[in-house]
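Multiple structures are listed underneath, in structure tokens.
Each of the next two complexes has chain A plus one more chain, namely chain B in the first and chain C in the second.
Right after this comes the complex of A and B.
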């Protein structure tokens, strides 16, 4: 089994877990059973239970609620807004490129994580705010890279020929330039913003104040509890950080595969 | 009653203070093959690019216009020199509908990720013409491919220089435009391939196409062109019937 297959397997498992969480009917309150605290893995609880007797496996499935959909939202913000501004700048050049670059560069004034923290502090900390913040954090990079690529491609012979053959600007931009030249780049930016959202959400939940709060599960608060509660079974303590590590590794690995393919296409 | 005419009037293109094209005017009728010749740097390709609106900024069109006149002598489209919405509207009406273009670097002007068949079918579709397999094969056959079916699934990088140029001819014809501007379509091809390509273009002109043929090949011009415009340092220094302008001395 190749490393790439592993990566897709992990991503598939996350999507499956999210669907299972949606359809499975797990009740986070009814699952509390202090008499079953720290149980070892078994048929009743595959990965054991936590200090309140809650099924770790089910809580891990439920924890995907905290990041799967919002991280896709973050990717859409990064690709949509950053790609849109980059497309404007790259196609028109000149003043429009400078203006769109200035607008796109605004979120880049602060380090990514600091900017998300600022947003979460200014507004009510929610998955929507975090998703927008994480998406905005990638807008400067997305806009700059798309603008640079389109700027280089818009004067190429096949683009000029398409325009002269009467193909509309929208079709040339969408069909030829963005699809041909930028789709792998945009996919990479989407993967990176998804990974960034997972890291931000997990970190904030680990720290407590701005993240997902108990009794709702998150990989962050599960890792935090596992670190301090030595009564839990080793499998129950290691399962959440291992799953998190696998997920981030898979995302970054797929990003690397796409980057290599993008580089080969560019040359 | 006159034939439809593609006309360049008083074209001036400059880069800063330096004029690259200075007051160039010429016209081509449907069914006519007009050759534009001159030494390298004379402004041939720049004039051709200006005709299809590919010289918008620097160097930029300072003045002049490109017009297409209908059978009754009225202007169907006038492309002004000023950059703005009026020019964009005129170019939209001109490009692909009235004027097609065969670029100098034919292979680079083909989309690298689409097959030849897909690109020809796309060109037909954009022109609002039938774009089924038969129509696509017909367009390729018109451009001089004896066995067009072989090409349909080929990607541009697998084509020879001559084949890529013929595909560009097919794309230009697929638009259904009555005029074509061909920028040095024979450069880099050996003599027999050059001759076959120009024969194809001549045949298309005999069928009613108006062609502006930018070239260095004076021998082929004398054999196949109807009229010639000679450019030198951005100015028209001579124009007239090919057999008169290109004499034995020129060759």
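Right after this comes the complex of A and C.
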């Protein structure tokens, strides 16, 4: 199996797990069974159980609730707002480009993780606020890259010719420039903001306080429990961190594949 | 100094300072716009609430609040260390964090520049995948691996209890070195630095100036290094800014005191003055790094002076 196929398989497995969690009807409270604490992997619990006797495999499936949908929200914020401001700047240029660049650059004034924590503290550390924060963190990059690419394409002869021949601005901008020239770039930014959301959510859950709280599962709080409880079976301790690492590696790899394709198209 | 260079430096400085002021203003506006205020968290008694609002300057107009935040008048801590001066708290924490941040930054630059300049030679392809793990996960893996290996070795009677045992609770050189390495390598940061630096170097290798030197059989190393400096300065500034965020995580995972730990405590305990102060200091750090990168680029690349 190629690395690319493996990466798509991991991403597909996470999406499938989210669907399974939605359909599966796993009850996080009813699953508690202290008499079955720290069980080894078997037919009843494929990856063993934790200190409260809960099925690690099912909790990992349920943990996808914490990041799959909100991370898509983060990607939409990054691509929508960043791409929108970049489109404005790249198409009109001049003062509008400087103004949209300044607005888009605001979230980039603080480090990404610090900015998300600031928003979570000022408002609430909910998944919506985290998604908006993670999306905003990529707005400066999205706006700058889209503006640069559109700015260069705006001055090409085929754009001038299309406009002179009466093709609408919306069609030239949306169909020719954004779709043809920027869709892979926007896909990359979406993938990066998805990965960033996963990192932020699991980190906050690992550190406690601002993340997903027990009994709800997150890869972050499952890793934290595995750190303090050495009585758990090795598979039960290693499964959540391995799954998280595989997911992030896969996202990074897919991002690299898209980047290479984008670079080939650009040249 | 030429007029164009001076104008370029001035313009870049003004842009960085303007960005910093706008960011602090945005932070203050967000704090004011958020539903409820800190006094609401403490009491429902109107008399006490009015006193707290006056004492904590919660009703100060936005321009005054921005001025206070920018000038370092952050007041006193509410919950992290009640009554302590926030400026002193932040300074004390920064002194503890700066060596860790500098060490991680230097390690990133050394490894990143070393790896990215190895184009064409045999490289181990697996490290970018390892680098994908988030900072907390790398820290977790290091702690579990070291603790359990040491525990097993002690149980077998191979070693005595090492001084660093029971990480991360005991202070040791190993803990600091691990924290620095994890901060430098985690969350794909090292990989993105290497990818960025390598792709820019490839572009420069194909530039007409370098090809002309190659055609004449002359060495290209010096020219390539000079062309690479502006790109590296931007990448180094970006990576340095991201490490500020990583400090929060690594200091918590390794139970180390410092600015990251202070910021986290302030966020958890809703200590608004400390949160604002930490946000301003982080924004100042990012602005300073960008300013340094801009200065380096403008000095190293004369073409950028004309664009300003």
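Here is the rule we use: the second predicted complex is superposed on the first by the 267 of 267 C-alpha atoms of A that agree within 3 Å, B and C clash if a C-alpha of one lies under 4 Å from a C-alpha of the other, contacts with A are read in each partner's own complex, and residues count from 1 in each chain.
Following the convention adopted for this analysis, a residue touches a chain if its C-beta (ideal position, glycine included) is under 8 Å from a C-beta of that chain, and two chains touch if they have at least 3 such contacts.
In this text the structure is predicted, and so the values were computed from the model without any measurement.
Peer 1: Looking at the overlay, what does A:188 touch: chain B (first), chain C (second), both, or neither?
Peer 2: neither
Peer 1: Examine A:161 and indicate which partner it touches, taking first as chain B and second as chain C; both and neither are also allowed.
Peer 2: In the superposed model, A:161 contacts chain B only, not chain C.
Peer 1: Regarding the shared-chain residue A:18, is it in contact with chain B (first), chain C (second), both, or neither?
Peer 2: After superposition on chain A, A:18 lies in contact with neither partner.
Peer 1: In the superposed arrangement, does A:180 touch chain B (first), chain C (second), both or neither?
Peer 2: Touch partner of A:180: chain B, not chain C.
Peer 1: For the three-chain arrangement built by superposition, which of chain B and chain C touches the greater number of chain A residues?
Peer 2: Looking at chain B versus chain C, the one contacting more residues of chain A is C.
Peer 1: Once the structures are superposed on A, label A:233 by its partner contacts, choosing first (chain B), second (chain C), both or neither.
Peer 2: The answer is neither, since A:233 touches no partner chain.
Peer 1: In the superposed arrangement, does A:113 touch chain B (first), chain C (second), both or neither?
Peer 2: Only chain C is touched by A:113; chain B is not.
Peer 1: For A:122, is the partner it touches chain B (first), chain C (second), both, or none of the two (neither)?
Peer 2: second
Peer 1: Between chain B (first) and chain C (second), which does A:207 come into contact with in this model arrangement: first, second, both, or neither?
Peer 2: A:207: touches chain C, not chain B.
Peer 1: Applying the document's contact rule, which stretches of chain C touch chain A when the two form their complex?
Peer 2: On the chain C side, the touching residues are 18-20, 22-23, 26-27, 30-31, 34, 128-129, 132-137, 140-141, 143-144, 148, 187-188, 191, 195, 241-246, 248-249, 252-253, 263-264, 266-268, 270, 275, 278-279, 282-283, 286-287.
Peer 1: Inside the complex, what are the residues of chain A that reach chain B?
Peer 2: Per the touch definition, chain A meets chain B at residues 156-158, 160-168, 171, 176, 180.
Peer 1: Which residues, counting only chain A, touch chain C once they are in their complex?
Peer 2: 102, 105-106, 108-114, 117-123, 195, 199, 202-203, 206-207, 209-210, 220, 223-224, 226-227, 230, 237, 241, 244-245, 248-249, 251-253, 256
Peer 1: Mind pulling up the chain B residues that touch chain A in the complex?
Peer 2: Residues of chain B touching chain A: 52-54, 95-97, 99-101, 103, 105, 108-113, 122-123, 126-127, 168, 171-172, 174-175.
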